[in-house]
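When the chains are written out, they are named A, B, C and D in that same order, and each has its own residue count from 1.
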Amino acid sequence: MSRFLGILTCLMISASVFGQIEVCSDCQFKTVPSAIESASPHDTVLVHKGIYPIHNMVITKPITLRGLNRPVLDGEDKGYIVKILSDSVSFTGFDIRRVGISHTEDYAAIYSFRADYLEISDNHLEDVFFGIRLEKSSNVVVKDNIVKGRFSREFDSGNGIHLWHCKNARVEGNDLSGLRDGIYFEFVDDSYVIANRSHHNTRYGLHYMFSNDDDYLDNYFYNNGAGVAVMFSKNIKMINNRFSHNWGTSSYGLLLKEIYDAEIKMNLFEKNTVAISVDGSSRIYYRNNDFIQNGWAIRVTGGCYVNQFTSNNFISNSFDVSYNSKLNDNLFQGNFWSSYSGYDIDRDGWGDIPYRPVKLFSYVVNRTPETIVLLRSFFIDIINFSERVTPVFTPDNLMDDQPSMKKIKW
Amino acid sequence: MVAIQEISKKYRKLEVLKDISLEFNEPGIIGILGPNGSGKTTLLKTILGMVLPDNGTIRVNGIDISKDYNYRNEIAYLPQIATFPENLSVKELLAIIRDLRAVDSKYMELVSLFGLEQFLSEKLGNLSGGTRQKVNVVLSFMCKSEILILDEPTVGLDPVSTVKLKELIKSHRDMGKLILLTTHIMGIVDELADEIVYLLEGRMVYRGFVTDLKLSTQQDSLERAIVNEIHGKDVVDLQI
Amino acid sequence: MKFTEKMWLIFKYSFKDMIRAKWIIVYLLFYLLLGFILLFLNNDLSSSVITIMNIIIILTPLIGTLFGVMFYYNSREFTELLIAQPIRRSRIFMGQYLGVSLSLSLSLVIGLGLPFLIFGLANSAEIFNFIMLIFIGMALTFSFTGLSMWISLRNSNRIKGFGYSVLLWLFFAVIYDGIFLSLLLIFENYPIDQFSLLMSMLNPIDLSRILVLIKLDISALMGYTGAVFQTFFGSNWGIVISGIMLLLWMTTPAYMMVRSSKRRDF
Amino acid sequence: MKNWLLILIVLAACEVKPVEINYGMDQCHYCSMTIVDQSHSAQYVTDKGKPFKFDAIECMFRDLRNLEIEPVMMLVSTVDEPGKLTEVSDAYFVISEKIPSPMGANLTAFTDSTEAAVYTGQIPVFKWQTMSNYLK
């Protein structure tokens, strides 16, 4: 945290100490590239209101580019708009439009390569293919930007904030919509994603691939194809996020695929087809999460070991837990289950009989997805009931032997 | 009026009517007689179009009944069992029949004849069996039709009503109607019938005028006359 | 137009006879009670719609079946009297069938509609789902009343008619889905989504259930298998086809009943 | 009725053909990701006619390793003809960071071998049969 503040302060100081060049229709510099050309390192280029057609503008020196009253950089669908190839560049206050589209080249509004200590903030990006794409750039801050894609399911949607091989990144307070993935991290370590809103994206609100030791907190993901996917990653902390309305076929709030040692705490999952879909993920700690009105709260496929589900609230989900194997190496304890029908005679706050969160039908659906067509049919109610009385197919040790009688507060 | 030509009817393997041909061209009262299961009711029901014969044709007033259901305007029917929709009143029941077909405008006289005025608003489910039978009688006699088919008309009626019914039947004959009736009570046949048709195991074994029958067998009692007549045809076990 | 007049007459009396019966009032009261209790308990219209759906798709066919059989056998003698009247048989049976199924439908509409109206349905977004639920309840009532009257017509033995009708209900309500599930599990390695679509069309109860679910929020679950159901039932084409199927399920039993009434002896 | 149903099942089962991929809707059979990339998706169809869809060629490749019976049809989308499915035997494959693929293998298919060569320069262009030499 303090490191980031340090960078910010540095950048601010640099703006005041070094020279300042202005760009406008009446200024000495009429175009942004010409101003950058004549700027010395650590100068500030102030761009006044106006429309500037720009594409493939390359920045090769550390400077501060600042828009006053939101000048517009128009890419005219011709490819990249800004390419940052230098450390310590600050880029703030611009409106950016019309990035080019290609099958083989991932054009972005703002692109960086091997450029550390960047600050990209307060920009409004519209009709982008990729929004902000940073490669092999570390100690970067991407803050308070608005990125809007083309709201299309087709190939012409890219990712909003796309980081590849980066470290110590901080993505904060951005609003991302109409993209493929709102935020995409591939090989990104030791980074934070904080308080972003990611919504109406085709694929994911936030997507981690091969990334380790990252945290994401206080984000809001809604109406995405799926909320968040965390794949092939380690040590990810997911705290206090909200996953809403990821409704749709094969949609989920959170997808965990081959991840280890994660913490999932105090998140709210509401109205998702599947709140958390877990595949081959181990040593995950789920605590104090709310699962409300989802199709599935937790859907487990593949081998998942030593996971702990404690003190969560499972309220009005069609299926609380679905499981594909008989083997259970996971702990469910002290959760609140709204469909628990047991009693608490000794009044200690915990139900006296264990709760079995896996219904036979969810087991069947997991095996043969097509059987979902029988959802809520009378026959299914009957076999669910008989399975609950005498478990045959569902893992008989998969149960919460200390279900809470009341909704858990924290 | 009614012409039955070679009709036969089988229920699965059971032959209930075998090759029966009958014609009724004059008004009068015809008693259809025979033991239980001889096919009396089935025969009447074929005329009413309720039972569809396997072979043969039935014409009413020259019209083939399998072609047009409107001929039933000319036939009134008093069924054996009187069961009616439980939750309807007598008045509503009368209205149903009145709306279905041509009805004598003076049908309320019939209602009072059988003392049914007090029950007009009563639900049919609350009526006794006898009262229901009276309603049944009213329903059939209120119809404006040339032909009356009465299946065991006196069953369940008290003696006073039976007498009234008999008078009613006679008056309808005098109006020039053809009345076909089945009964097990010989007294009624004796008293009312002009002609009898005798069925046995689905075949018509006898048809003739009551007076002729009595003459030919030299018997005063109709019952005996019939037994004699059928005896002549080698039938030993006769139940009427 | 005289024939429709006569059918109307038969309908009127059957309807009157039905709505004055004790059992139909019990049926109405049951729905009233159910509606009030459900809404009182959770005050949430949308989850009430799901609970009511679960009840409706099982109960309306059963009630339709029972009342159809009961009405047929109880009014058999009177029906015979009617058959001897100058009226076409089809009009009698259609009239009676409409009388029974519409009076049952009326109980459904009033019994569930009243509590929902009182609890503010008119202003709720659920109104469309609710109307659809009622419509489906009616469709099932018509379908199963027709089926049971048809079976009764073909069986003069009251016990047999009753038995077969209830068995048919049991078949569609439970057994069919058991067979369905087994088939899906047996053929799980085959592309079975088209097949399951077909299977769900061939059972009015399954069809109704899916039609309701697809309109509710949990429809997304149905898309779990790769969207076949959602794309089918979500498209106009699918709605039309399933609507036609449901209509066929409503009308075919009545048609079959009328058809076999023409050839039957009374 | 029963016969008819059986026939239908059999008919449906006999028909081995690929199905359309609903981009943005369908889920990868292997990694559960939503399929969006029209130039990297893949699909195979089993002998029983059941199709499985993948968001990346590497996902299909990895899934095939768990499969006991080789599928009847294997198809991939190519970068030069996105959205169209090509038989794997007709496609040319390239592993290049220049074209990232959805699951990180940077594996891309081409319909045209010269097109593939243009992109790769010194990197080898290979066929499906030798895939396992390049992709672990």
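Everything that follows uses one rule, which is that a contact is a pair of C-beta atoms (placed from the backbone, for glycine too) under 8 Å apart; a residue touches a chain by one contact, two chains touch by 3 or more.
Quick caveat: nothing in here was measured; it's all calculated off a predicted structure.
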**Prompt:** If you tally contacting C-beta pairs, which pair wins, A-D or B-C?
**Reply:** B-C
**Request:** Pick the chain whose C-alpha centre of mass, unweighted, sits closest to the average of all protein C-alpha coordinates shown.
**Result:** C
**Item:** Averaged-CA centre spacing for the pair subunit D and subunit A, given as whole angstrom
**Value:** 27
**Complete:** Distance between the CA centroids of subunit B and subunit C (whole Å) is 42
**Request:** Calculate how many whole Å lie between the centre of subunit B and the centre of subunit D, each centre taken as the average of the chain's C-alpha atoms.
**Result:** 83
**Prompt:** Hey, how far is the Cα centre of subunit A from the one of subunit C, in Å?
**Reply:** 47
**Complete:** Residue ranges of subunit D touching at least 2 other chains are 25-27
**Complete:** In subunit A, the residues touching two or more other chains are 248-251
**Prompt:** Which residues of subunit B are in contact with two or more other chains?
**Reply:** none
**Prompt:** subunit C touches which residues of subunit D in the complex?
**Reply:** 5, 8-9, 12-13, 22, 25-27, 46, 48-51, 53
**Fill in**
The subunit C residues in contact with subunit A across the complex are 47, 50, 53-54, 57-58, 173-175, 177-178, 180-181, 184-185, 188, 192-193, 196, 199-200, 205-206, 209-210, 213, 217-218, 220-227, 229-230
**Request:** Note which residues of subunit C are touching subunit D in the complex, please.
**Result:** 183, 187, 189-192, 194-195, 198, 226-227, 231
**Message:** Using the touch definition from the top, list the residues of subunit D that touch subunit A in their complex.
**Reply:** 23-27, 31-34, 36-39, 79, 82-83, 98-100, 103-104, 119
**Request:** Spell out the part of subunit B that touches subunit C in their complex, as residue ranges.
**Result:** 9, 11, 45, 48-52, 69-73, 75, 77, 79, 81-88, 92, 96-97, 99-101, 123, 139, 149
